[in-house]
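Shared between the two complexes below is subunit A, which has subunit B as its partner in the first and subunit C in the second.
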Partner chain A sequence: MRALDRGFRWLLGQRGVRKLLRDRVALVALAVISVYVGIAALILFFDVITLDETTERVGPRTMPGVWESPSLESRLAFAELYLETVQNALDKRSPEKALAEVRFAELELAALSIDERQALLDEGWDLFDELDELDDLDAAAERDPGVLAKLSRFEETAARLYRRPTGCAALKYRARLLLGTDRQGRSILVRSIYSIKVATQIGVVAALISVLIGTLLGGAAAFFGGWVDHLVVWLYSTFSSIPWIVLLTVLASMFMGSRFDGGLVPVYSAFCLSFWIAPCRVIRGEVLKLKELEFVQAATAIGFGRARILLKHVLPNTAHLMFINFSLLFIGAIKAEVILSFLGLGVKNEPSWGVMINHSREEVINHFFWQIGSATFFMVVLVLAFNVLSDALQDAFDPKHVG
Partner chain B sequence: MWSYIVRRLLYNVPVYLGIILVLMLALRVNDPVWARLGKSASPEAYQAFKEQMGLAEPFWRQYLTFLGKVFAFDLSDESWEHTGVSVGGLLRVSFPPTLAITVPALLLTSLISISVGLVSSFFRGRWLDRALMFAAVLGMSVSFLVYIVFGQYWGAYALNEHIEGELFAVAGYEPGPGNWVTYCMLPVLISTIVAMGYDTRFYRAVMVEECGRDYIVTAMAKGAPKRKIMFVHMLKNAMIPIITRIMITLPFLIMGSFLLEMYFNIPGMGRMLLQAITTADFPVTQGFVAVFALVFILTNVLTDVLYALVDPRVRLA
Partner chain C sequence: MSAREPVLQVRHLSTCFRTERGVVTAVDDVSFDLFAGETLGIVGESGCGKTVASKSIMRLLPEHLSFLRPESEILFDSLDLARADEKQMRKVRGDRIAMIFQEPMTSLNPVFTVGWQIDEALKYHTDLDRSARRARAVEMLRVVEIPDPERRIGEYPHQLSGGMRQRVMIAMALCCEPDILIADEPTTALDVTIQAQILDLMEGLKRKLDTAIVLITHDLGVVAQVCDRVLVMYAGRLIESGPVLDIFHAPRHPYTRALLDSIPKSGRRERGGRLRTIEGIVPGLHELPPGCRFEDRCAGREQRCADQEPALEPLGQGRAVRCHFPLPEEV
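Moving on, here comes the complex of A and B:
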């Protein structure tokens, strides 16, 4: 506890930290990032949203979110889906067993006998057939107000098959349909939120490892000089001379067909191998300056080893650069993930913003913007917060930096 | 000056050797022959194909052979996917479309962002500056892909429906300058909008920094008009970072052209390379990657030379 307290005091004593804390916009950004990381941790460690829930069907295809009243077509499709689910279960060889297993997006079946159910279904299908015959529902509704009444009666019939959810379940049911559904009837909101976990995971792992590799290589290059320096400089000029996207695609395609295909390992390795260059270059420059300072001479005079001076005395003085680079690489990783997913080389087994934006391409042509809008919104908030934070970090700790 | 150019070129030779080494190794991690023939191929067919393609030889020999080919500009290897077409042939076909997007995009991006940067630093601290910079940060936070999807929807699809004609094509490519506006204008505009967020911020920072220098204070003290100071004195001195930046944007443009080519069905180099990767077309992948790296290094050298032209002190370093 005391160590923690001392740590806090030390942190608050730093001029840069005080400067950062005075920046209100940066604090808001920090709060936003904390919320995102918190959600990611909840999903990762406590399974608040499971992977199955992101692929579960909760409604008809491409249903709009709450702010847009659904078209008559999609209302019809929605109620039909409810009927169909029950009908399918009834048509099974052992209806009782199949019915017991029906759980449609938090909705449970109402306690009805098989005959009652069948009666409701027949009534529903009759209404459906009448409505389905009209090929343009909107035009028909304009001509004849009876169509609208028929549609709401059909919806009511479908609803009577299910028990109205109450309390928590009702909230959950509503929440899932809040931002509509994608082309496979999956909840857009659930998928967007689950993507926070994927994005955070990729961002943290890729940025952390890249910064570590970059710091160690850059620090060693500058501090030891000689052939180490030549080697590291050659290595980073080599890697930075391959166009970034070529390197990324080649590295990601290395795993095609292997047992890691589709998981996060190809993404991680592609990012780490292409991202370490920026921190390496920056920290090499900083250590070149630092190693001429008196405290290094003092440490040498006391007789500390070279490696110890580098790790314990020089590198901690580059911590601010590590933070700035971490923040920048985090953004880079999230944005690059979208691009990799688009090229078909990114995340495959899980939903991610990239996958969602990629899937929404066909929907946009049909004027459906909920999926791309939702994924973009969730992503922009996080990336914007990180952009603001990076700027504030740079202002607070590295004011001379340009750009 | 010439000795400087030669020095820069020589310096980049080991770098290029390294690039080829890294890429050749990376391309062999996932056995290209297996990827091509599929898991069901018989071991004999596998072995025969491997030997025929020279992939059975030890790695160092493959490396030297490939290097020899690259330095002799010999790109006559046949593509595994398109029979009878050489890598060089594919390159010749796909080079012009890429150029038709990247060069205009580079010019347009630089021109607009430098102007916006100038305006922003001219009104430094006032609402226009703040609004512009907030827009830039916001623009940076949106994914490239979102710009492309919406750009295609509103710029081509919805617009064409609205004007009942075709100003910009939804996708596709036809060669020839007459078709440029139809097929390339929209990708160029999208790429410009995406790059602007990063560039304007950089140019503004450069110009704001330059504003604090002594020569500006001197000019102000002499009573020179502010406009003249900004556009004549400062812009000239800000040229070094500007040139560097323009060159640094190049890789970004290459990436942009990759995505735009994929999305708008433009048969450029990026699309060709990605198709080669997905169809396990090994010679094309290897050849294209080598060419990409070469172009990249040459632009790096060009940057250094331009830099030295503007600032003679660099030549001595």
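Moving on, here comes the complex of A and C:
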């Protein structure tokens, strides 16, 4: 504990850290990133949002978010959904059992007998048929105020089938409908937030492995020279001559039908294969410079083996490059995941911003843009924060940048 | 000159480099002995092969660019370093033969603390546990007269001055108590007062630890101050060797003489206050003359010098010179 405290004090005492802490914009960016990473960790380790919750139906199809007062059409659709859910259960061969299994977000069924339920349903369906006959609900309501009253009665009838959620559950239910629903009636907010986890996972894993591979290969190439260098240079010039999107497409389709299809493994491997080049190049250049410095010869003169010198003495000198490359690749991976999923080659089993944007293709034509807007917003905030932070980090830690 | 067994015997050391213009011999047939507790100076101009000779002994030269001629022998402790494999060399390096370099600014790894770097060497060559290694590192820093070693051990190289860094380098080199310390221009990058301190320190440590020192330098002042014996090299050849006082008082080779004459002397101004220099330049290793390599710059050259290369002739009293017409004994 005392060591931790001392380490923290030391960190705060560093010139670069002090400089960073004075930079307000950087602090905001840091806070945003912490929130994102925190959410990702909560979802990943504590199942705050489960995968089921992201696919659960919480309302009618393409319901707009809270900022738009619901149209009469969508109010009707919502109440219909309430009725339908119960009706479906009652139509089953063993309605008791089916009713027990009904789950509709935070809503619970009211404690009624089957007959009472049936009565409510019949009443509801009658009202619904009357309302449904009207072609244009808005126009009809304008002509006849009775339509509005009928709609309210229909909604009340539907609501009587359920117990009103209270307290936390009510808040949660409200929050789930905050940004509306997609075409399958799933909560856009929940899916957007869950995507943070997917994005962070992909960003961290892909960037980490790429930097690791790039560092080891680049370092070995520069340090050992000869055929190792030739091989690595050949590898990265070959890989970099293939447009990365083509490489990703090929790799992603290679995994199709395999056990990993639709999961994150194809995405990870595709990204690592194309992303290791950048750090490899940079670190090879740096090690070429470092290995001529006398401390490398001094280490040889102490008797260390070549591999030990490379790993323990030379590569730590490239740590700053590893950090820079990590942050660049992190953002790169998140953006690439969106593109890949948009093409339908990326994540399939889980929601991700790319998947959401892909799904919203047809919605946008119908002027429904909550889904694409929400996914893009969540992504842009993270990428922007990361860009701002890496800029600030460079300003703070670059020794040539005085002031 | 003692009758003790030499700790290191170098015989016919010839180091060649493969270059685009063919193979060149940077060190040509150099032989010498090194005795325990003595300081041997190797002097010469830039490019005369003194650094290559020292790195050949440590086998630090890049294998794909250089090779030792087969007649080369570097006998150390019943091992021929010229033929030892990498694994054997690793045991020798640092533990038995240590080396310090010219540039203290870059000889230490900038991202690790001084203590870590000494510890790393100890970890590799000794079986000491963590606390023992730390105690040893502190002790070594104290031995090389670094004030407040307990604090300094946690500092990074950039927090130390050039002289301090060179002391740390010496501490690192000596922490495993090597038999031989090769110092490649250890004081060239330091200013004169620090230079004197470092030389004193090395001298003191040599006495204390009975380490043999090979001091490579182009500075004859340094040689006069600390060396027991001197080897003078020119264009890859050993041209004169002997005890330091004899060579300084009565150089037999014209080149040694010229080197000594070009030391700036205080209090004496000659020829309009200009420093004396040796005319001409060292011949390139690609176009070595058939005769004496110093021939074109030598004041006393004769036809024979251009035709035939002189052999290294022993003169007695541990001296040897490579010249057809050595200077008379008393000048």
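By our rule, the second predicted complex is superposed on the first by the 370 of 403 C-alpha atoms of A that agree within 3 Å, B and C clash if a C-alpha of one lies under 4 Å from a C-alpha of the other, contacts with A are read in each partner's own complex, and residues count from 1 in each chain.
The criterion applied here is as follows: a residue touches a chain if its C-beta (ideal position, glycine included) is under 8 Å from a C-beta of that chain, and two chains touch if they have at least 3 such contacts.
Predicted model only: the values in this text are computed from it and were never measured.
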First (subunit B), second (subunit C), both or neither touched by A:Leu264: neither
Touched partner set for A:Cys272, first subunit B, second subunit C, both or neither: neither
Partner chain in contact with A:Phe304 - subunit B first, subunit C second, else both or neither: second
Subunit B versus subunit C as contact partner of A:Met256, first or second or both or neither: first
Partner chain(s) touched by A:Thr238 [first = subunit B, second = subunit C, both, neither]: first
Partner chain in contact with A:Ile188 - subunit B first, subunit C second, else both or neither: neither
Residue contacts with subunit A in the superposition, subunit B compared against subunit C: B
Which superposed partner A:Leu384 touches (first subunit B, second subunit C, both, neither): first
Overlapping contact positions on subunit A, where the subunit C interface meets the subunit B interface: none
Residues of subunit C touching subunit A in the complex: 58, 60, 64, 86, 89-95, 98-103, 106-112, 120-121, 124-125, 169, 172-173
Subunit B-facing residues of subunit A, complex: 234-235, 237-239, 241-246, 249-251, 253-258, 335, 338-339, 342-344, 353-354, 357-358, 360-361, 364-365, 372, 376, 379-380, 383-384, 387-388, 391, 402-403
Subunit C partner contacts - residues on subunit A that touch it in the complex: 225-226, 293-295, 297-305, 312-313, 316-317, 319
Residue numbers on subunit B that touch subunit A, as the complex places them: 12, 14-16, 18-19, 22-23, 26-27, 29-30, 34-35, 137-138, 140-146, 149-150, 153, 157, 201-202, 205-206, 209, 241, 251, 254-255, 258-259, 262, 270, 273-274, 277-278, 285, 289, 292-293, 296-297, 300
